[in-house]
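Pasting the structures in now, so scroll down.
The same chain A turns up in both complexes below, where it pairs with chain B and then with chain C.
Here is the complex of A and B:
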C-alpha cells in the first residue's frame, strides 16, 4: 500500500490583474516546488508563517486548486485528474467562524453534508450520532448554528470533515481562536483519529500543539519546505543556542531590530500577550548576551527575565528566519 | 435512487440554508403581498390606458409572480455560499454537480408555483375575473411549467455567482427585463423586434401565453404548443446552468477565481 499523500515538485503561481485601461498582470509564486510524502496513518504537521504557502499547499492537495506544475497524489489518485476518487477519500476542516450554514441546526448541517459527501442514507443517522458524541455536541444538535460558540462551531467543522470516514484528513489551523480547554479536547480528538489509522495533515501556528501531536513536521516558508523531520530532529536546528526570555511592556520595533545586531545574537522576536510582550532572544550558547540585552532595553518596563533551553518554537523561528 | 435523494432532500435542506426570505414576515411581504400589488398596479394601469383587459394582466402577472422566488432564489442558492464561506466544502463533494445544483432549483420552483397560484387567486377574487373550472388543471400545468422554467433560469444566473461577485446586479436587471419582455404587461407586438426576440428565450413568456389561452376558455390542446416551447426554454436554461457551473468550477481550480476557503 502506497503513501497517503505524495507531492512532487508542486508549484502554484497566482496571477492577478489590476488596472482598467493599463492592465497589469502580477504573478505571485505561492508554492515553489514542494516535495513531501505522508505515510498512511501518519500525523503530519505543516508549519509556517502567514503567507508561507500552507493553505495553498492544502488547496492543491484537496483538489480545490490545480498545480501550475508538479504532481500530487492522495492514496494513489492524482489530484488534478482523478478528483472524484480523491474527494471520496479526504476530509477538510479549517479554523474560524465561517463555513457552516448559520440558519440551519448543527444536525441539518451534518445531514446536508452527509448527502454531499456520499454517506449512504441507511448509515447517516448512526454516523451523525457517533460524530455528535465524538465532538460533544450531542444534545445541542437541534440548535441553530448561528447561536453556537466558536468552540462549538469548530467541533461541528470536525464532525463534518469526518462524516464520510475519510482516509486523509486536512486540518487547517483547527484550533485558531479556540479556548485552551477546547483546544486540549481538540488535540485529543485529533490524536485519537490518528490512532485509528486516519492520516492527518495539520497546519497550525501553535508549536506546542505540533510538538505534542505530530509524528513529523515540515516547516514551509516562502513557498518551499525549509526543514522536515520529527519534532526532535527539528529541535536540533536550535542546538548550540541559548534563549533569554524577557517579559516586557512597550518594546519599540527599532529596539528589537537593534537587539538583532548585538554580537552573538542569532534571533530576536516579540510575541504580544495582551499588554504583556514576551521578548525572546536566541544567542550562541557560549555567549552570554543577557547583560547587553537588558542594557539595550533601558527605559522599557520589564518583568521576569529567564534563561532556558531552546524549544521547538525556537527551532521554528531559527528555520523561518534563515529561509 | 441516491441521486434522486440528493436532488430532493439535498435541495430542500439547501433551500432552508440559503434562501433569505423564509421567515414568515419576509415570505408574506416580499413574495405574496408584493406580487399581488404589482398585479393590481398593472391591471389598473391597463384599464386606464386600455392596453389590455383584466384577464391579460391578471393571468400574465400571476405567472410572472414566480420569478421573484425563482430568480432571486437561484441567485441565493449559489451566491449565498460565498456569504457563509461554504462553497469550498460544497465543491469538495464527490457527487455530481448537476444533481447537487439542479436539485436546488426545485424548491424555488415549488415556491414560485405557490406564489403564482396565490397571486392568481388573489387577483381574480379582487378584480372579479372568472376562470372556467375546466381550465384549472391546465392553468395549474402552465404555472408549474413556468415556475420550473424560471427556476432553472434563476439557477443559470446563480451560476454566474461562481465567477462574478456582484451577481445581485444581474438578478435585479433580469427581473426588470422579465417584467418588460415576457409579454406579461407589454404585448410582444408592441416591442421592437429584437426585444421581442429576447423575450421568446426568457422563461414565463410561453407559460403566460398558454395560461391566457386556457383562462379564455381554450382547450388544453390549443395550449400545448406554447407549453411545449416553455418546457424547451426551461430545459435550455437547465443545460446552460449545468454547463456554466462546470466551466466556472474548472476555471476556479485553474485560476483560483473563487474564495473557496
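Here is the complex of A and C:
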C-alpha cells in the first residue's frame, strides 16, 4: 500500500486581471514547487505564516484547485484527473464559522452532506448519531446552526468532514477562534482519528498544537517547504540559541529593529497579547545579550524578564526568518 | 439524493424572513396589476387567468434570481467548496438548489391566488382543477431544470446580476404569462416557443380557463430536459474552470 499523500514539484500561480482599457495581468506564485509524502495513518502538520501557501497547498491536494504544474496523488489517485476517486477518500474541514447552512439544524446539515457524500441511506442514521456523540453535539442537533456558538459550528464542521469515513482528512486551521477548552477537545478528537488509522494533514498557527499532535511537520514559507521533520528534529533549527523573553508595554517598531542589529542577536519579535507585548529575542547561546537588550529598551515599561531554552516556536521563527 | 437535497434547500430558503415576506407581499402588487389590466381591457371574466399568470411571474422571478444566483449565493455562504467537493457530478449537486428555488416560487403563485380572492373577490373556478394541481408541480419543477442552465451560464458572466434584472420582465412578456403572445410582434414567436416559461404558463392557463393541458406540460418538460442536459454539460466545464481560476471560494 502506497503513501496517503504524494506531491511532487507542486506549483500554483494565481492570475488576476485589472484595468478596463489597459488590461494588466498580475501573477502571484502561491506555491513554488512543494514536494512531500505523508504515510497512511500519519498526522502531518503544515506550518507557516499568513500567505505562506498552506491553504493553497491543501486545496491543491483536495481537488479544489488545479495545479499550475507538478503532480499530486491521494491514496494513489491523481488529484487532477481522478477527481471523483480522490473526493471519495478525503474529508475537508476549515476553520471559521462559514460553510454551513445556518437556517437548517445541525442534523439537517449532516443529513444533507451525508447524501451528497454518498453515505448509504441505511448507514446514515447510525453514522450521524456516532458523530454527534464524537463532537459532543448530541442533544443540540435539532437546533438551527445560526444559534450555535463558534465552537459548536467548528465541531459540526468536523462531524461533516467525517461523515463518509474519509481515509485522508484535511484540517485547515480548525482551531482558529475556538476557546482553549474546545481547542483541547478538538486536539483530542484529531489525535483519536489518527490513532484509528485516518491520515490527517493539519495546518495551524498554534505551535503547541502542532508539537502535541503531529508525527512530522513541514514549515512552509514563501510557497516552499523550508524544513521538514519530526517536532524534535525541527527544534534543532534553534540549537545553539538562547531566548530572552520580556514582558513589555508599548515597544516602538524601530526599537525592535534596533535590537535585531545588536551583536549576537539572531531574531527579535514582538507578540501582542492585549495591552501586553511579549518581546522574544533569540541570540547565540554563547552570548549574553540580556543587558544590552534591556539597555536598548530604556524608557519602555517592562514586566517579567526571563531566559529559557528554545521551543518549537523559536525553531519555527528561526526557519521562517531564514527563508 | 435529489429529493432530500431539494427538500433541505426548500427548508433553508423558506426560513429566510426577508425572502418569505417578499414572496408573500410582492404578489399583492402583481395581483393588483393583473386585475386592473384585465378589467380595463373588459376581460373581467378572465381574472382568475390573470391571477394565475401573475403567480407565474413570481415563480419565474424566483427561478431567475434564485437559480441564476445559486452558485454565487453558495459562494457567499461559504458552502460552494463543500458541496463541490462531493464525489458527485456537478449537475447532481446543483439541481436540488435550482429545483428548490422553483418550488419556493410556488409561494408567490399561492399568495397571488389568495390575495386575488381576498382583495378582489376572484373566484377560484378552475375548468380543470385536478389537471391544474397535477400540472403545476410538473411545470414548476421543469422551470427548476431551466434554472440549472441559468445557474451554469450566469456564473460565467461577470455582471450576471445586471443580466438577471434585465431578463425578468422581457421573459414574462415574451412568454405570454400575462398578455397573450398574439398581441406581440411576430419576431417574438420563435423565441416564445423555445422558452419553457411559455409552455408552463400556457399549461396552467389551459387548466384554468380550458384547453388541452398535457401537450403544453409535455413540451415544457421536454424543453426543460434539454436545458438540464445543456446545463449539466456547462457545469462540468464551469467546475473545471473554477478550479483552474480559483473562484470556488470567496477569498
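The criterion applied here is as follows: the second predicted complex is superposed on the first by the 323 of 323 C-alpha atoms of A that agree within 3 Å, B and C clash if a C-alpha of one lies under 4 Å from a C-alpha of the other, contacts with A are read in each partner's own complex, and residues count from 1 in each chain.
In this section, contacts are C-beta pairs under 8 Å (C-beta built on N, C-alpha and C of every residue); 3 or more make two chains touch, one makes a residue touch a chain.
As the structure is a computational prediction, the values presented were derived from the model and not from experiment.
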Query: Which term applies to chain B and chain C once both are placed on chain A by superposition, clash or fit?
result: clash
Message: In the overlaid three-chain picture, which partner chain does A:118 touch, first (chain B) or second (chain C), both, or neither?
response: both
- request: State whether A:65 touches chain B only (first), chain C only (second), both chains, or neither.
  value: both
Query: For A:127, is the partner it touches chain B (first), chain C (second), both, or none of the two (neither)?
result: neither
Message: Applying the document's definition of touch, where does A:266 land relative to chain B and chain C: first, second, both, or neither?
response: neither
Field: Footprint overlap on chain A, comparing chain B with chain C
entry: 14-15, 59, 62-66, 84-85, 87-88, 90, 92, 96, 98-104, 108, 111-113, 115-118, 160
Task: Show which residues of chain A lie in contact with chain B when the two form their complex.
output: 14-15, 55, 59, 62-66, 83-85, 87-88, 90, 92, 94, 96, 98-104, 108-109, 111-113, 115-118, 120-121, 160, 172
Message: Per the contact definition, I'd like the list of chain C residues that touch chain A in the complex.
response: 1, 4-5, 8, 11-12, 15-16, 77-79, 81-88, 93, 240, 243-246, 248-249
- request: Give every residue of chain B touching chain A within the complex, in rising order.
  value: 2, 5-6, 9-10, 13-14, 16-18, 22, 84-86, 88-95, 100, 252-256, 260-261
- prompt: Any idea which chain A residues touch chain C in the complex?
  reply: 14-15, 59, 62-66, 84-85, 87-88, 90, 92, 96, 98-104, 108, 111-113, 115-118, 144, 160
